[in-house]
Amino acid sequence: MSTLVLDREYFINVFRDMLPFVDKESEHLQQLDSAIGDGDHGINLTIGFREVAKQLDTINENAADISTIFKKVGMLLLGKVGGSSGPLYGSFFMKAGKDVTGKNEVTFDEFCGMLLNGIESIQLRGKAELGDKTMIDAFLPGAEVLKQDSPEDPVEKFTAFVEAMKEGAESTIPLIAKKGRAMRLGERAIGHKDPGAESAWMMMEVFLKRLKEAASA
Amino acid sequence: MKRLVNDGYEVVEELLEGFTKANSDYVELLEHDKRVVVSKKRGDKSKVGIIIGGGSGHEPLFINYVGENFADASVVGNVNTSPSPEPCYNAVKAVDTGKGCLYMYGNYAGDVMNFDMGAEMAADEGIQVETVTITDDVYSSENIEDRRGVAGDIFVFKAAAAAAAKGLELPEVKAAAEKANAATRSMGVALSSCTLPATGKNIFEMEEGDMEIGMGIHGEPGVRRDKIRPADEVVDELLGYILEDHSLDSGDETYVLVNGLGGLPLMDQYIVYRRVEQVLSEKGIKVYKNLVGNYATSMDMVGMSITLVKLDDELKELLDYPTDIPNIKF
Amino acid sequence: MKRLVNDGYEVVEELLEGFTKANSDYVELLEHDKRVVVSKKRGDKSKVGIIIGGGSGHEPLFINYVGENFADASVVGNVNTSPSPEPCYNAVKAVDTGKGCLYMYGNYAGDVMNFDMGAEMAADEGIQVETVTITDDVYSSENIEDRRGVAGDIFVFKAAAAAAAKGLELPEVKAAAEKANAATRSMGVALSSCTLPATGKNIFEMEEGDMEIGMGIHGEPGVRRDKIRPADEVVDELLGYILEDHSLDSGDETYVLVNGLGGLPLMDQYIVYRRVEQVLSEKGIKVYKNLVGNYATSMDMVGMSITLVKLDDELKELLDYPTDIPNIKF
Amino acid sequence: MSTLVLDREYFINVFRDMLPFVDKESEHLQQLDSAIGDGDHGINLTIGFREVAKQLDTINENAADISTIFKKVGMLLLGKVGGSSGPLYGSFFMKAGKDVTGKNEVTFDEFCGMLLNGIESIQLRGKAELGDKTMIDAFLPGAEVLKQDSPEDPVEKFTAFVEAMKEGAESTIPLIAKKGRAMRLGERAIGHKDPGAESAWMMMEVFLKRLKEAASA
C-alpha cells in the first residue's frame, strides 16, 4: 500500500492541463473519428474542456471538496458536449467524485477507487462490452491493473494502468464495432483505432504526468 | 473552407439567434436555456408535447419543424452532436401540459444516452416521456432497431404531431410515430464530405469524381466508395436497396421524398425524382405525394437521399394534416 | 464533377420532366413546346398573363414560381442561357386571355433579345405584350437600367402577379412590377463557381479560401476577389453597398431576403440573416418580413445574396397576397 | 469580278463542317467566356450545331434553294441556342439567305452580299458598335474587306476577310466591354478577348477552307 496523498491542487492542475492536451491531440482524434465516425471527437472534447478551463477557478473557489470538483467537471462535460462522449466522460468524472465527499486530499488507493467508480459508470451508461470497439476496450484492461492489490509504487502502478489502456486502445484496431457510430460500418471498421479508446488512455496520461510530479515532490 | 461563418465554435448560438429572429412569429428560445427552440403556436389547449431534436448542421432539420400542428419544441445539440440531457429535460418542462411528451430523434448512440437522461430527469418529477427513435436508413444495419435515422425523420415527426394535434393520448401518439417509422425507408448517396465549421475542414477526404453509396447524414461511411455514375443508375441502385427491404407492391401508395443533403443542385434533385417516379410507376407503385428539396441536410455535403413511405388511410390522414412551420410547405 | 445528372446536354429536358411530374397538380408543359411550363391553377377568369423566364440552373427560379396568384407560365432556356424566341411567344399564346401579357426576367442581353423577338411575334397577331426587366443587382452597373437581375426577381414577380390576380389591367400590372423593381436592391458573394453539367467543370477557377464580392448569378465576375472573411464582415460590406445605393432610412420597412446560391449551408444563411437584422435594427430600419433559403440559385455555387425591398402600403399588400406554388411558402 | 460560283453542295458541306469545328474549339471558347462572361459560349454553339448536324440532310432534301438552307440553319440556331449568340448567329444566317431566293448556286460576289446582309442583321439585333467588345468588332472590319470592289481572286479576298475579322477579334483584348455580360466588368474585362468575336472569325474560316477547295476544283 502506497502512502502517496493527492491534494485538490493536484486535481485542479490536472484539469487545467486538459485543454492544452486536447488542443494538441484534437486533430489526431478527429482523424480517427473521421475514419469510422463523424469526425468530431476532438471538437467535442475541445468544447467540453474549454468550458472546464473557463470555469475551473470558480469551481475551485466554491468547491468544498474534491468530490465537488469532480462532479462539477463531469456536469460541465455532460452539459456542454452532448453526443456520446458528453454523457460518457461526464458520468465518468461525476461518479469518480461520489465516494470522496468532504475530502480535500485522497490517498493514491482512494484515487484508484475513484477511477474504478468512473469506469463502472461508463459501462452502466453505454452498456458496451469488451470487444465492442469503444473506450471500454481501453478502460477495462486499465481497471484490471487498478484492482490489483500490488505493492508497487504509485507511479509504477499508474504507468502500468495507462499502458494497459493504451494497449486496449490498440486492440480496437482489428475489431468490428458493436456500439457507437462505427457499429454500422461492419468490416469497414477493421484497421481503424477507436477514437474514444484513444482519448481515454491519453486523458489518463495527463493524470500520470502530474502524478510523477506529486510523487517526487 | 467554403463556409460563411464567424467563430466556428459559435455557429450554433448564432444560427439560433438568426433563426429565431427570422421566425419570431413561430418560435422563441427558452429564456433559461438557449438550446431549446419552443413553438409560439402551441395555443393553450392541453395536448401531448411533441419534442424533436439532435445535432445541428442538418438545417432545416430540426428547428424548422417546430410550429403549428408540428413539433412543440426542438432540442439543439452542437454540430453533428446530440444535445445534452438538460435541454432535453427543459424542453419537457416547457411544453408539457399534463398529458406527457414524446421524444423523437434519429437513432444514434449519443442521442439515445442524452435524451434518456433527460427523460429520467422528467420522470423524477412525475412527467411521463415516451421515446420513438427513427430508424429509416436501410443500409445502416440488418437489424431495423439498430438503424440510423436520416431524412425519413420528418414523416415520423409529422405523423405523431398530427396525432397530438388531433388530441390523441400519449400511447396513441407514440403508436402513430412507431407506425410511420415502420413504414419509412431511406437510402442516400454522397459525393463529398461536409465542412465542419470548427475546423474549417472536410470530415473526410473524398476524391473528386467519387461517390459513397449509403453514406450517413453525419458523414459516417456507407456501403462502398465508387466512381460517380449517371443519376439514373445511382437512383436505380438506391431504390433497389430500399425496395428489397420494404414490402412495397404494385397498387401500393407512397409518399416520396428526394432530399438534397445541402450542396446538390435542385436541378439534379428533380432529375433524380424523375427517375424515381419512372421506376415506381413501372412497378405499379403509386406516388401519392412527394417532396423534392433540402429537407434534412448535412450542411454543405453534396448528395441526396431517397425516402419512401408506405401509406395506408391512417398515415395519409396524418401526413395530410395541415401545418404551419417556418419556410417549409409540408 | 460533383453532380448527379445523366447526359449533361439533356439536363433541361430531364429537369422539366421531373419537375412537372413532381408537381402535376400545379403545372404542365405545353404539348407543342416542352420549354414552356404552364400553370394549371389559372382558372378561367380573364386576367393579365404573367410570364417569367430565363436560363435554367437557377432552380427553384423560375419554374417554382408558377402557380396560383403567381406566374401563369415560365419560359425555360438552356443552362445559364436565355430561352429562344419561340417558347417566349408560345407562352403568350398559351396564357393570354385577351388582356395582354407581361414578360418579366432578369436584365441580360440575351434574354432581352429573345423575349423581345417573342413579343414581336405576339404583336404581329395583335396580342399586347409588355416587358419589365429586373435590375436589382446593385454592383453590376452605375446605371440602374444596365444592372443585372438576381434574386430580387421574386419580389417583382410576386408584386406583378398579385396585381394581375386582383384584376388590374396591363398598364397597372406593369407599373406594379416597375415599382417593385425600383424598390429592390441585391448584392451577392460567391465562394466557388458552379459546375456546368455540359462540361462537368467549373465555369472558372476559384482558389479554396477565396471569395468574390458582387459575383453574378451565372458566375459573371464581380467587384473583386478577396480572402474569405468572417460572415459578419462580409454582410457588413454587402449591406454597405446596398444601403449606399438605396434610400432606406430609419423608420422605413423592408422585406429581407437572404438567398443561398445553392451550395451554402442553411446554417450559414441564418448566421448571415442574424447579422443583417442586427445592422438594420441599429439603423432603425424595420424588417417587415423575411425569407431565408435557396430561392434563386446558381446550381451548386457556394455563396449567397442579400436583397432588401423598401416597402410602402401598396407593396406590402401586393407582397402579402396569398399564393400557392410548388414547395415554396411566399 | 470573280467568276467563281458556289453551289448548294458547297454550303451544305460548310454547315456539315460546323459541328466538328465547334467540337474542336468549344473548350477554347468556353475559357474565353469564363474570363469575362458565363463560360457557355462553346456549349451554346455545340447545342446549336448539333441540331444543325442532325437536321442537315432533311433540310437539304426539302430546301428549294440556298436561301431556304440558310434560313433553316438560322432558325435552328435561333430556336435551340437562346442566350446572346442564338439570336445573333440565328439572325446572321437567316438574313444571309434573304436575297438569294430561288437560287441553287450563287456567284462569289452574291455570297459576299449574303454575308454583308447577315452582318447588318447582327448590328440591328444587338445594337452594338465598334469598340463595344463584341463579335461586331470582328464582323465590321471584315465587312469593310467584303465591300471593297477588288479585282483579286476570291480565295485571296476571303482570306483577307477572315484575316481582318481575326485582327478585329484581337482588337477586343484591351477593351472595356459596352455590351453583353462583360459590360458589368469595367476594367476587369481588359486583357481578355471577346468570345463571340473569336467564334465569329473562326466560323468564317470554315467557309474559307471549303472555298479554297471549290476554287481549285
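As written, the chains take the letters A, B, C and D, and residue 1 is the first residue of each chain.
Operating definition for what follows: a contact is a pair of C-beta atoms (placed from the backbone, for glycine too) under 8 Å apart; a residue touches a chain by one contact, two chains touch by 3 or more.
All of these numbers come straight from a predicted model, not from anything done at the bench.
Q: Take the average of all CA coordinates in subunit B, do the same for subunit C, and state the distance between these two points in whole angstrom.
A: Roughly 29 Å, centre to centre.
Q: Centroid from C-alpha atoms only, then distance subunit C to subunit D, rounded to Å. What do you get?
A: Roughly 33 Å separates the two chain centres.
Q: Hey, how far is the Cα centre of subunit A from the one of subunit D, in Å?
A: Distance between chain centres: 74 Å.
Q: With chain centres defined as C-alpha means, what is the inter-centre distance between subunit A and subunit C in Å?
A: So the centre of subunit A lies 54 Å away from the centre of subunit C.
Q: Indicate the residues of subunit C shared as contacts by at least two other chains.
A: none
Q: Where in subunit D do residues touch two or more other chains at once?
A: none
Q: What topology does the chain touch graph have (line, ring, star, complete, other)?
A: Its topology is that of a line.
Q: Kindly provide every pair of chains that touch.
A: Pairs flagged as touching, ordered by label: A-B, B-C, C-D.
Q: Taking the touch rule as given, give the residues of subunit D at its contact with subunit C in the complex, in rising order.
A: My answer: residues 27, 30, 34-40, 43-44, 46-47, 50, 78-88, 90, 125-126, 179-181, 183-185, 188.
Q: If we count contacts the way the header does, which residues on subunit B are in touch with subunit A in the complex?
A: 9, 55, 77-86, 108-110, 113-114, 117, 140-141, 146-148, 196, 198-199, 203-204, 216, 218-221
Q: Can you list the subunit B residues touching subunit C in their complex?
A: Touch residues, subunit B against subunit C: 1-7, 11, 14-15, 17-19, 21-22, 56-57, 59-60, 189, 191-192, 194, 197, 208-209, 228, 230-232, 234, 262-275, 277, 290-294, 297, 299-300, 302, 304, 327-329.
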